[in-house]
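Please go over the structures that come below.
Each of the next two complexes has chain A plus one other chain: chain B in the first, chain C in the second.
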Partner chain A sequence: MIARDRNWLLIFAICVALAVVYPLFAGGYQLTVIRDALIFGLFAASLDFFWGRTGILCFGHAAFFGIGGYIMALVTLNDAIPFGSLLGIIGAVAGAAFVAAIIGYFLFFGGIRGSYFTIVTLAMGVICQQAAVSWSSVTGGDSGLIGIPPIEFDLGSLHIDLSQDLPSYIFVSAIVAVTVLALWSISRGRWGTVLTAIQDNEVRAAALGHNAPLRLLVTFVLSAAIAGLAGALYVCMAGLVAPDLSGLLLSTEVIVWVAVGGRGTLLGPVLGAIFIQRAQQTISSFNPSLWPLLLGCVFVIIVFVLPDGILSIYARLKALFKGGRRAQ
Partner chain B sequence: MPPKACSPACANVSPVRPDAMDFVVTTLLNALTLISILMLVGLGLAISFGLMNVTNLAHGEFVTVGAFAVYFVQSMGGSFWLGLAAAPIAGAVVGCILEFAIIRHLYSRPVSTVLATWGVSLILQQGLELTFGLGAKPVTPPIEGTLDLVFTVYPAYRLILIGIAMLTLLGVILLISRTSFGLDIRTVIQNREMAEGVGINTRRTYAIAFTFGAAIAGLAGGLVAPLAIVLPQMGVNYLANAFFVVIVGGVGSIGGLVAGSVFVGGLTSILNYQISPSLAQAIVLLAAIVAVRLRPNGLFNGASR
Partner chain C sequence: MSDILLQAENVGIRFGGLQALEALNLTVRDKELCCIIGPNGAGKSTFLNVLTGTLRPTSGSVRFLGHDIAGLPLHRIARLGIARKFQIPSVFPSLSVEDNLKVARWGAPSPVRPVGELLELVALGNRAATLAGELAHGQKQWLEIGMALAIEPRLLLLDEPTAGMTPQETLATADMLLRLKGEFSIVAVEHDIRFVRALNCETLVLHQGRRLRSGPFHDIETDEMVRDVYLGRR
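Then we have the complex of A and B:
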């Protein structure tokens, strides 16, 4: 096991341990705050899985989050459908994956990469939000849908009811931990290595026999499916779904979470999501329109000062001191 | 906040007389209005995105700034035409600052350009909102009333808009094909290193071309201001459509730009008769994606992307 993997697992273990002991010290409200932040962390990890490994930026990832959320809401609010929560989650994941598969097929097999991909996904996000606003007979329009019940289902003999704070916190933490670990194993294994090869030089990777468009498509679909899962979890915890969940601002924020946390680390984006949302709540309590302004500044600062995210400060400091020693 | 209700670039005018000829002419003119706007916005994007390989997500804000310039001049008591003169200047100033402060440092880092220009776009939107306050800004057209065109009557201002857009396009074609600066641009596009080798200041050429594109987008914003809902967030709508124009049309030629504008603008305008604007937008997006899949190098030219 190489040192980088060991470090990652160590940080992951620390995070899990913190998540386990947190309920001992936190009250119900604080638990729900962290729980919601963790869901957005899962969303950030899903973007990072695609962006971090392929180098292609998806600018409309909130579309998948929103699609998952709306499908979950529509399924659980419909009394005629039995096992609403379980079917809703499956539907949310499948719906997001389906949309990603269609769009991804045309783009990846059409040779669309880089900036072109970013632009088309940006437009996709804009259109998803418009659709959510204007298709009001189904989506509830601007005000969205309210009264979405908490997740509740039977797993064998185990009855899972997430209407209380602690069970929902544990459920979400477990899902986030398992998903992040799974994504990490995928991306450090052969699959991730091939993706890195495609990112470095797609022609060469194709010449070595790798079906680059298919690999990119599958990665994109998986990433979208997890975003859909995050959306489904979120609307059940929040109890409502609104067009903002598929909007451009959320698509933008998730990019900041990933960029600040460190692209390609999977764990960094989760932490980035938690800390930045904390900051957002504090700042928005002063003045709600201040946040997008600051968000814009954060984008510019990241690009010029910290292109590898907050976690890179440590590595940079290490290099700085190392360089000093060598000079003596 | 994100735009709540993204209005289409401009709404359609309904035919007045109930005969087929009227319907056809009105539909064509409606489409032509939208195509003209998209062509102007897409022109700047074709320069930055298509030729300089810079993905500028703040391009929509040039349109917004142009529209706000007209609003500002009108609210200070100036005429619409004065505002329309101010619009490209405002766009150029913002574009020039953006190029100098950010874009020229990121030519070799495409993803960073996307992030940084998006940040600038958010800052500009919020800056406009903090300066001018919430809510849509009223802009009155310089000419009310309609013009009788034998087959139909059509709002006079829209005809002026189409005329100005066509003249601008003609001017740009002349600039690129007939002037020494146009020659510089064409040289830099074909081969940047070689252009430097023969003594062209490529940085300066890029900066001027970028500023020029921003000015044209500002002009488009000024022109569309009386027809559109003037909001700080209005730019993103034009941004997405203009990118489609450039992607579908293919980069590198005015012909591609026109083809892309006709495809996106014409389709949107015609679909808006039948279905809601959002659905029309979605269909145009899908059509654009399919078009790119079938003709990866653009509808018009065979040059590689």
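Then we have the complex of A and C:
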């Protein structure tokens, strides 16, 4: 096993251990704060799986988060549908994947890459938010939908009820851990290696027999499906869904989380999401107008000084000291 | 007739007002080695692009094992058994040498040679873990040949395989190809005469998009007309 993989697994294990012991020290409110941050972390990991592996930036990822959220809300709020929570999650994941498949098909097979892809997905996010506002008979318009029940379903003989703080925290942590681990094993194996090759030189990869547009499309769809899952989890925990959840601001924030945490690391974006939201709450509590200014500055500094994210500080320091020794 | 692998008949291509290629014929038999030479701008690379199906000829046809390949998606052409080495070394710089070869094998319908054997064939056995972006220019060219071999091609098309190489590297590359001769067909586009001389095979000379001469290299080399074209006298 190469050192980079070992380090990743080590950091992953430390994060899981911290998540396990955290409830011993934290009260109910703090648990729900971390739980919600973890859901956004899952959302950030979903963007990173696509952006980090393909180098193509999706600027409308919140659209999939929002689609997942609205589908979950509509399914669970409808009393006629049995097994609401379970069907809602499946519907949210499938709905986000479906929209991504349609849009992605035309973009990838039409040869749209780079900034053009970013611009089209930006428009997609705006359209989704507008649809959520305007289609008020279904989506509740600007005020959204409220009273979404907590997740509750039977898994064999096990009854899962997430109306309490601790069970919902455990459920969300477990989903985030399993998903991040799964995405990591996909992206370090054959699938990820070919994606890196496509990112380096798509024409070359195709000349070697790889169907590059199809591979990009499947990666995009998987990424959107996980964003939809995150959206579904979030609306059940928050109890409401609103147009903001598919909006431009959230799409921008998730990019900042990934950039700060370290693109391509999957774990970094989860940590980035948690830290930045934590900082947001602390700073906004004494001056609400200070936060956007600070966020912007942090983003600019990260892009210039640490383009590989905060997790790269260690590697950078190591390189610095090694370089220093060689110079002597 | 059944051993004909690639047949280009009466191929012509126009870019706007420019007739880039005109009435070209080429037949490549199974396991045959041949070269296409010509001065800069003669249409060598354009012809190679037509042979690989990347460019659709405006007249004539290109058939590989009897199928018309013009306009097929790149990955389909690769899976038919046509491998191509590009003029500019295009390896995957952020992957290791070994991963480059792995990516190439994964694209193949039925890879045979293991990565270790490929590494030895292209003289990169001791650079397996090096990032391809950090290789020397000549080694990148060899890695690319290795990647083309990994897909177990029926036909290998090389676009200026020795561009930018030192004379020693050029001869080592010719040796490499001579060793592979007899396993599959090879078409090399080149303007380095030393390399073509080392290969000493059937040669097609292009000039201004047309066939100037074709035949065994020693006949070509002594041809007065070819010399004139190469020296810029015509």
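Here is the rule we use: the second predicted complex is superposed on the first by the 323 of 328 C-alpha atoms of A that agree within 3 Å, B and C clash if a C-alpha of one lies under 4 Å from a C-alpha of the other, contacts with A are read in each partner's own complex, and residues count from 1 in each chain.
The rule is short, and it goes like this: a contact is a pair of C-beta atoms (placed from the backbone, for glycine too) under 8 Å apart; a residue touches a chain by one contact, two chains touch by 3 or more.
What you are looking at is a predicted structure, and each value in this text was computed from that prediction instead of being measured.
With both structures placed on the common chain, the touch criterion links A:292 to chain B but leaves chain C unconnected. Once chain A of one complex is fitted onto chain A of the other, the partner contacts of A:271 are absent, as it touches neither chain B nor chain C.
Once the two complexes are overlaid on the shared chain, A:130 sits against chain B while remaining clear of chain C.
In the superposition on chain A, A:197 contacts chain C only, with no contact to chain B. By the touch criterion defined above, A:205 lies against chain C but remains apart from chain B after alignment on the C-alpha atoms of chain A. By the touch criterion stated above, A:47 is placed in contact with neither chain B nor chain C. When the two structures are aligned on the shared chain, A:57 is found in touch with chain B, with no touch to chain C.
In the superposed model, more residues of chain A are touched by B than by the other of chain B and chain C.
Note for the complex: chain A touches chain B at residues 55, 57, 59, 103, 106-107, 109-112, 114-116, 118-120, 122-124, 126-127, 129-131, 133-135, 142, 244, 247-249, 252, 255, 259, 289-290, 292-293, 295-300, 302-304, 307. The residues of chain B lying in touch with chain A in their complex are 1-6, 49, 53, 55, 57, 102, 105-106, 109-112, 114-116, 118-123, 125-127, 129-130, 236-237, 239-240, 243-244, 247, 276-279, 281-282, 285, 288-290, 292-293, 296. Considering their complex, residues 190, 193-194, 196-197, 199-201, 203-212 of chain A touch chain C.
Residues 73-75, 77-79, 83-84, 86, 90-95, 99-100, 102-104, 106-109, 147, 150-151 of chain C are the ones touching chain A in the complex.
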